[in-house]
Amino acid sequence: MTNTIKEVQNSECMFIIGSNTTENHPVIGAMMKQAKDKGAKLIVADPRRIELSNYADVYMQIEPGTNIALLNGMMNVIVEKKLYDKKYIDDRTENFEELVELVKEYTPERVAKICGINEEDIIKAATIYAKANSAGIYYAMGITQHSTGTHGVMSISNLALMCGNVGKEFGGVNPLRGQNNVQGACDMGGLPADLPGYQKVFKEEVVEKFEKAWGSTLSTKVGLTIPEILDGCEDDSIRFLYIMGENPMVSDPDINHVKKALTNVDFLVVQDIFLTETAQLADVILPASSFAEKDGTFTNTERRVQRVRKAIEPIGQSKPDWQIIMEIMNTLGYKKKYLNSSSIMEEIASVTPQYGGISYKRLEADPMGLQWPCLDENHPGTPILHKEAIARGRGLFMPCEYVKSAELPDKEYPFIFTTGRILYHYHTRSMTGRVEGLNILAPSSYVEINEITARKMDIKDGDLVKLSSRRGEIETTAKVTDIIDEEVLFMPFHYAEGAANYLTNTSLDAISKIPELKVAAVKMEKAKKIEEAL
Amino acid sequence: MKINIDNKSYEVANDSTILEVCKLLNIDIPTLCYDERLTPHSACRMCLVEVEGAKNLVTSCSTRVRDGMRVFTNNEKVRSARREVLDLLLSNHPMECLNCEKSGRCKLQNYAYEYDLVDGTFKGETRKGEIDSSNPFYIYDPEKCILCGLCVRVCDELQCSHAIGFEDRGFDTIVATPFREGLINSECVSCGNCVSVCPVGALVPKSLEKFRHWETKEVRTTCSYCGVGCQIDLKVKDDKVLGAQPAFDGVNQGLLCVKGKFAYKFISHPDRLKTPLIKKNGEFVEASWEEAYRLIRQKATNIKEESGADSFAGLTSARCTNEDNYLFQKLFRAVIGTNNVDHCARL
Amino acid sequence: MINMVIDGKKVKVSRDSTVLEAAKQVGIDIPALCYDKNLEIVAACRLCVVEIDGKNKLETSCSTKVREGMNVNTHSEKIDTVRKDVLQLLLDSHPNDCLTCQKAGECLLQKYAYEYDVNFVKHDGAMRPHLVDTSSPYILKDDSKCILCGKCVRTCSEVAERQVLAFADRGYDTRIVLDADQTLETSSCVSCNRCVTVCPVGALIDKRTLGKVRSWEGEKQVVKCKSCQYGCNFEVIKNRGKNIAVKAMEPTEGRPLCLRGRLTTEFINVDKPEKPFRKIDGKFEETSWTKALGLEEVMEKMELLKEDE
């Protein structure tokens, strides 16, 4: 997030696109509803009529995969009506003309057809957004998990820049990060091209710095992303795979492919707190401690670094992850020892400019933690990014054309299949699946089917249905609803039984390598009941 | 603006209530229905104070300070009015502190002690009602409810779910879902924010194990579910996590969702992995850490010799701490010698 | 060491322990109200009953010695029923006032009632008479809350020159008295607080903590009394940033506890200590701290020395 969570409550205008906030970031979702109660304007674009859409001034039920068309359409209206922030554009951005040129083609009339919505709603949404003194855009995987995900993000940034909303309180471009420490895992260099602090592995001065700090020789070759690693496991170019706290056997697209890869790899180490579907394929399983049993820090979606504190002793012989990794480093001949997680943070601060001023001492002193960039021990942290000036100097407009999703419905696979999360479960349910109450509230996998579609196909709520795509097939329970369009099917991906990811497409965004989990083509039929099958 | 409180003069900002001013000055005023995040309700009447010149005592939560105001927060008139309020509440409250789950964290109990009320003196009919235990995570006991309305207002104003409200009138009033269909059949999303604010034992979580509040310690930490980073206080007894309470001074401002509030229960689940496991002939066999490390070293050494560092890959975790992640990528880069490190940021 | 089985687990315990002590050694807590490891065993409360293989009756674990090969169960339906009955009987003649009782949070009767899910029930039967001795500024004695465990009598009798507390009357009328039924003020009680520290319920309360803080509030810090070489342990209770009271801890390892030590500890540690009292001819009289701590001569000498300078 360029801005902070606490601004949400006092927003003037919020545009939610591709985020089911009340289910996936419930506390932020509640704050959005509070803002609405206090008079904020709310614009929602989502293929499902999610809870927030009930409160919206404008709700646009767009077809999955058409975000960029919608955003370009809104910008078209803003340009036509001259509602953009001219002074801001002149002072702080570049390349506006090229954007104007591109969005000319995206008339509300054309966009309405692409997205399957009303022309008036596009105009109304654009007008509300542009006329607000400050307006924040909030998005999540509904924007990013497309083969055009990066372009989706750029289009959001174009819209925000055009109305002067970047670097402004209550405004900003605000991706809501899904997992507790996905921000931190990225910050810490859990990416194939980035050392901690997004310092590139192929830059000479960077590598030199880290070689000196770590006392070893580093590779300057950009590493492989998850999909490439899985391909490598299948073609034997990857022989040793170490998975910590992840469950790709449920979370990754095309599970049949994942299974082949993980079964084929020579040696698989899995470190986790439970025997997950992925751990079952391991050669060695290392028992890790849960968050309640260790010290450390998480970085939340607004870049806030906060303490995790040990509440109880590790269960059984389990150990905190950092300790296991350190012991493996030592066993492989690297002699560095860390006494505690605080001393690791000292090393992080010494090599990561954004974390330069972060220490456990400061985090203890302030219950609110610190927001990076926090450059040195006297730096107060940075609540709003790009406030004084855009980080790169000037904000660059990156015009992006709308491109259709990689796999579109056809005669054989007539439905658009899209996936997501629900309030009562978390990721692959390795934790929430072991909480009895949550299993009472959300016991098993289901697919949302529009009531008209269901009637046409003679499917009733609770019926067993069979879904298949070009990659696999599953059986699941029908949930007949009116919150989804007739040609769209939605499934939560949490459940290992009837897992949505047997069907999803591995097609990737060329830049970020994110899989297109939000759009696949599937067919549906009523599943035979067990007695009939016999 | 100058005001006088309990015969001491203070300079205060205008535009605040007497209660807010006193809070800043560390002057304790008892409240049952007040919550700084909500609009004042003036229902419980515990926060009554005397303002010189005013005919009656005023509720400090809803009365704004005026220049030259003289306030008495704790004189006998005020104390006896509060005692009256408590007496009425206690007269309609079950005497179950012996076994009440809230005992030790109950505001009614605390104030009864402070104002020296051993029991209610208005003995007559008491409120009757069925316990609603339909929700898997918490119960509502109308007999213990003091109708402060905090739960209703938190549900309305902060969680904005509007799942519960006051039903019936006068003596029979209870907090209930529309048409009394039960919590499980309502708009309730089990966030438990009502449970977190209930000052008495009317809304209490269903716990894994029985415990008394005075047997626990609280540990502030960050919730391990989504990226909001809510601050929570874990309740710990005998090395077990038995509850979670939202922090008011964190980003979440006293709010949580169903996962943060109740889904800590996985921590001590019997399925937790407790020893390293090595697969032998397709079966997992318990192993020592030394054995597991030895095997990893053997395999790593062989594979590195045969196929080089780039035949290694690691998936780090968006679930783990920064320190865990930092060391994980360092292991691959500085010790093994490859940049093949990625994680599920995109999922 | 001997081998035995407790709750199905094979354990090794020291040869001369009782079953209750043996269970404790292996981490099993058997509930008990009248048992105290520092006092003579009386097996009066019957809460600590257990099943021992080969015995028909339940046995009190506090008074039964372990034997090689003994097989003990500390929990069963039969045992729990007895314990519930014992607790119910006690609650039936106990006032329902945990709401404000000073002992709440530390009370063993409350602890076990919660564990065994036994509640107060309304009944028309007899209750213990509401006799409250408020004559002392140091100790409050509330007979209505007494469960007659006798710990106070036993701890008082351990100090030869004290032996103030004793049982009186019989049956349901049994009660604890001072000397020949005197009050705390008129008796020979020296306000040492030994009885207060062992009372499992709210029958004997340190009056100088009364109404100040609940057991679950505040922070507690253990300090040693500096009055004499015994160095008895006291808890200093801190609430909202202020040291508000001290509380004597159980007298162990020959430490006797005394009023002077208590007052000294209170004077040193409490931010605003209450006025001290001295008992003179069977009457409590307010006094100065100099007198209460026996420092008259010291203070006089100091004044003299100051004048000299």
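In this document, chain identifiers A, B and C correspond to the written order of the chains, with residue numbering beginning at 1 in each.
The working rule: a contact is a pair of C-beta atoms (placed from the backbone, for glycine too) under 8 Å apart; a residue touches a chain by one contact, two chains touch by 3 or more.
Worth saying up front: this structure is predicted, and the values here are computed from it rather than measured.
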Intersection of contact partners for subunit B and subunit C: none
Geometric centre: closest chain by C-alpha means: B
Length of the line joining the C-alpha centres of subunit B and subunit C, rounded to whole Å: 35
Between subunit A and subunit C, centroid-to-centroid distance (C-alpha), Å: 59
Length of the line joining the C-alpha centres of subunit A and subunit B, rounded to whole Å: 28
Residues on subunit B engaged by subunit C in the complex (per definition of touch): 90, 95-99, 103-104, 109-110, 112-113, 116-119, 210, 212-214
Partner subunit A, residues of subunit B touching it in the complex: 136-137, 157-160, 189-191, 206, 219-231, 234, 236, 239-241, 247, 249-253, 255-260, 262-269, 271-279, 284, 287, 289, 292-297, 299-300, 303, 306-307, 309-331, 333-347
Contact footprint of subunit B on subunit C as seen in their complex: 91, 96-100, 104-105, 110-111, 113-115, 117, 119-120, 211, 214-216
